[in-house]
Amino acid sequence: MANSTFLRFLLLLLYQYRSKHAGIAVISSLIVALLSAVLFISQSIQAETALQLKAQPDFVVQRIRAGKRIDVPVEWLEEIQEINGVSSVTPRVYGEYYFSPREEHFLLFGVDFFDEQSSKAIEKIVQETDLRKFLSKEQMIVGDGVKKFLQEHYYKGFYNFKNPDGEIIKVPVYSSFDKETNIISNDMIIMPMELLRSIFAMDEETLTDIAFNVPNEAEWDNVLTKLHLLHYDIRVITKEEITKSYHNLFNYKGGLFLALYLITIMTFILIIYQRYAMVAVGWSIKDVLKLKFFETSIIVLLSFINGVIIAYCYVYLFDAPLLSNLFLGSENLSNEVAFMPVVDFGLLGSIFLFFGIPFIAAVLIPVWKIAVTEPKEAMK
Amino acid sequence: MSEIFLSNEVLIYLLSESVIYVLILIAALLSLQLIIKWDFGSYSEIQFTLEKRAYLVMTIITFAFIVKIATLPYFAYGIDKLSDLVPGAMCASGVIGANEYGYPLLGLKIATVFISGTWIIINNLDLQSPNYPFFRIKTGLFLLIAILISIELFLDFTYFGNITTTKPVSCCSVTFGQQGGSNPLPFGLDTAKLLVLFYLFYFMTAISAIGRYAATGFVANILFLVTAYYAVVYFFGTYIYELPTHKCPFCMLQKEYYYVGYLVWASLFSGTFFGINSLPLKWFAKKDVLYTYKFSLFFNTLFVLLVSAYVLVYYLKNGVWL
Amino acid sequence: MIRIKNLDKIFNPSTKKAAHVLKEINLQINKGELVILKGVSGSGKSTLLSIISAMDKPTSGEVIVDGKAVSKLPDIHASHFRANSIGFIFQHFNLLDELSVKDNISIVLIPLGLSIKTVDEKVQKSMELANISHKADQQVKELSGGEKQRCAIARALVNDPGIILCDEPTANLDRTNSLHFIELVKTLQKMGKTIVIATHDPLFEEAGFHDSILHMSDGELGEPK
C-alpha cells in the first residue's frame, strides 16, 4: 500500500494547495453537519416517540356525533370492561384550554389518582407525587412548556382559568415534570378529574374518552369488531395507527435529502484538477488515481468527522435552534426540547454512505478525462 | 407510493443502489462494445481507444463493487430499522419475510457480492500481466453480474414497494422456532451431530488452506458455509441471545447484542469466499493465488473462535450449558 | 539498445483528417549512442519520441527496447517501463510550479515504492549532476528558464535511466544556457547513456555532433551525413 514517499508527497500536495483543499473541506463539513443534524433530530424524535408510544394505551374509545367528538357516557366503561381480554380500562377526562390572546393552548388532563393508569407516563408521574400533599387542595402538575409560559406571563406559581360561564378558578402549580421527556407532553397540565370538570363545565356522568389495553395482539381485531357492535357512534383509535402517523411525520422531512445530495455532488466536482505531467514521467493512471483517491479520502474523512461533531454539538448541546422548529412545528407552545442523544453506527453509516457516493463519482471523473485524452497531451 | 419509501435508511439505500446501477449500466454498455471489438493483437486506433476505455470500465466496476459490498450490511441495517414500522416484526427476519421478494433479494445480494469479489480478484490478476490475459473472462463475468444486479435493483424496488404496514408479519420465533416439535435441521441432524460436522468442516477448510489443496478447500468451504449457517441459527445464536428458545440469524445484528451479528456473518462470508475462490482462481491464473488461502484461514478461524467464545464465556459465567 | 522496425504512424486513419506522420521508419540506436533528430517543424520528431517512450502507440511496426516490445504495453506496464528506463526532457519542462525543485524531481520515484532515504539520496545526486542543488528548496515558479531546464534534467536523470529522450531541449534557453546543456549531454554520453535529442537548433552542429545527426523530413528518416 501507500509507501512513505507516497505519503510524504500526498501531504505535500495537501499542504501546497491548502487554500483549495480547505475551501472544499469547509463546504463539505457544512453539508455533512446539516445532513447529520437532520438525521440526529429525526432519530431522536423517533426514539422519543417510540418511548412515549410504548407508554400509550393500546386502544382509545371515543363517541362521534355529526363527525365531531362528543363526551362518552360513563356506562360505556362497564360495557368495555366486560369484553374478554381487555385490561386496565381507564376513564379519561381532558381537553384543550385556549389562551386566546396568544392563540396557544394547554392540554388539560384529568386523572383519578387512586385508579390504575393505562398510560405508563402518567403512572410514573402519579408515583412520583406525594398524593396526600397534592390532593390536600386543588392543584396541578404542569409540563415544562407550560411552566415557561406561566413565567413569561408573570404568573407566580398559579394560573387563573376561566370556565365557560366566565368564572375565574385559580389553580396553584404543585410541581412540573421533566424536561428530558417532553416532546409530546410539553404543553400538558395534569390535575384531578373534578377540578378539570369544573374548568370545562363538564357533566359529572361523562368522560372525554376511555383508554384500555389488550395484551394479546391476536385479540385486537376481535375486540375492534365487538366495540363497533356495541355502539354505532363509537370511534376506536388504536396505538398502531398513532405509531405509524408519527413515523411518517418525521420521515417526510427526509425530503431535504435530495436537495442536499445535489449540493454534495457539486462540491466534489470542484475537487477535480488534472495533473497530467505525472503521466509523462512514469506515473500510470493507476498511480494518479491512487493519489486522487487518498487526497479526496483525507478531505472526506476530515469533513465527515468535523461535520458529525458540529452536528452533535448543535443538536445535543444547543438543542438545534431553527432546525428543531422545522421538525416540531412552531405553531404550538414553546418547542424548546432537550434531544436525547441517540447515535448509533448505522446512523453514521447512513451519513457516510450518502456522502461517500458522490465522492466516488468525483474520483471517477479524472479517469474519464485521462481515458479520453491522449497521454501524449502531457508532452505539450 | 408505499410509506416504506419515506424511511431515511430505505431512501438512502435505494438512492445509493440507483446511482451505482447507473455506473454499472454505463460500464456494461462499454463492456459490450469492448468484448465485441476487442483484438489485442491489433494496432488499430480503435483498439487503442478500447484499451484506454477498458481501464476506465475496470475502475468504474471496481468502485461500484466496493460500494455494493458496503451496502450489504447497510441493507441488513435498514431492514432491521423497518421492524419498527411493520407490525409484528421484532427484527429483520419479520421484515425480510414480509413479502415473497425478501428472501430471494437477500440471497441474490449475497450471491452478487460473492461473484463481484471474484471479479475484483481476477481483475487484479489481469492488470498484473502485460497482455490482458483474462480480458474476455472478466468482461463476460461482469456482464453476468450486471444482469444479476439489474434483477437485484428490480427486486429492491418491488420488495420495498410491497411491504405493507397494515398486515402483521410473523417474526423469527415463528420462522426459525420449532413448530410442533418438528426438527428444523436438514438431514435429520440433531444439535450434537451438527456441531461435530461444524468443527469437522472447519478443520477441513483449515487443512486445505494450510496445505493449499484448492479442490478440497472448495468443497470443504461450501459444506462449512451451510453447516455454519445452521450452527449459528440453532446453536451459537442461542448463546449470543443467552436464551435457548431464541433462534434467529438477524436479531444479533441489533444494538442489544452489540451488533455482533455483523462480525459473525462478515467473518463467515469472507472466510468461505476466499476458501471457495481458491479453486476457480487457480484455474484461471494457472497458479495458486496465495493470499486466498491466507485470508480463508484467517477469517474462518476468526469466525469459529468468535462463536465458540460466546458458548465458553456463557459457561464460565453461569456454570451451565443452555 | 533501441530498435525501430517499419514504424508507421497515421493520426485519425480513414478519416478526412488522416495524417501520415511517420513513414516506414527503421532505426537502430545502440547503447551509449547519441542521436540528434533534425527536421523542420511538423516533420514528426516529437511523435517518434513519444512512441519510443510508449506514451503513444504506432499504427504499425515495432519498437524494441532492450529486447522488449514496448509499443503494445497496457498503461500500467508502459508507465513502469517509463519509470524504470526512460528519462524525458520536455520542451516546456512540464514541472509543477507550486512545488519545490526537490519535490518535482522526486515525483518520478514515487510509484517505484522506494524508501524515503533512497529517494532523497537519488534526488540529491541528480541535482548535483544537473547543477541545481543550490536551489533545491525553491519553488519552481521562482526559477529562471535555465534553472527550470536544469530542474527538468535532474528529474529526467533521477531514476538513473538507460535512455534519455529530449524534445527541443534548448528551444527556451539563451545561448549560454544552451551551451551548458550541450556540456551536460557530453557528460551523460560519457556515463554511457543512450541519448536521443529532437531539435532544430544549429548549435548542436557547431558543438561537433555532426556524426550523430539524422535528418527527418515529412515523416521519413534520411541517412546520416
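Per-chain residue numbering starts at 1, and chain names A, B and C are given in the order in which the chains are listed.
The rule is short, and it goes like this: contacts are C-beta pairs under 8 Å (C-beta built on N, C-alpha and C of every residue); 3 or more make two chains touch, one makes a residue touch a chain.
Bear in mind the structure is a predicted one, so any value in this text is a computation, not a measurement.
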Can you tell me, using the touch rule above, whether these chains form a line, ring, star, complete graph or other shape?
complete
Farthest chain from subunit A by C-alpha centroid distance is chain C
Work out per-chain C-alpha centres and flag the one nearest the whole-protein C-alpha centre.
B
Out of A-B and B-C, which chain pair has the most contact pairs?
A-B
Rounded to the nearest Å, the gap between Cα centres of subunit A and subunit C is 66
I'd like to verify one number: the distance from the centre of subunit A to the centre of subunit B, where each centre is the average of its C-alpha atoms, in whole angstrom.
34
Here the gap between subunit B and subunit C, centre to centre from mean Cα coordinates and rounded to Å, is 51
Flagged in subunit B as touching 2+ other chains are 52, 55, 127
Can you pull out the residues of subunit A that are in contact with at least two other chains?
285-286
Spell out, as numbers or ranges, the residues of subunit C touching 2 or more other chains.
75-76
In their shared complex, at which residues does subunit A touch subunit C?
3-6, 8-9, 12, 16-17, 275, 277-287, 374-376, 378-380
Touching residues on subunit B, where the partner in the complex is subunit C:
40, 43-45, 48, 51-52, 55, 127, 130-132
Residue ranges of subunit C touching subunit A (in the complex, touch as defined):
46-47, 50, 55-56, 75-76, 78-80, 82-84, 86, 88, 90, 92, 94-96, 98-99, 103, 106-116, 119, 155, 159, 167
Given the complex, residues on subunit A that touch subunit B span 39, 42, 46, 50, 217, 240, 243-244, 247-248, 251-252, 254, 257, 261, 285-286, 289, 344-346, 349-350, 353-354, 356-357, 360-361, 363-364, 367-368, 370-372
Residue ranges of subunit B touching subunit A (in the complex, touch as defined):
3, 6-9, 11-13, 15-16, 19-20, 23, 52-53, 55-56, 59-60, 63, 67, 70-71, 73-74, 77, 80-81, 84-85, 87-88, 127, 165, 168, 255, 259
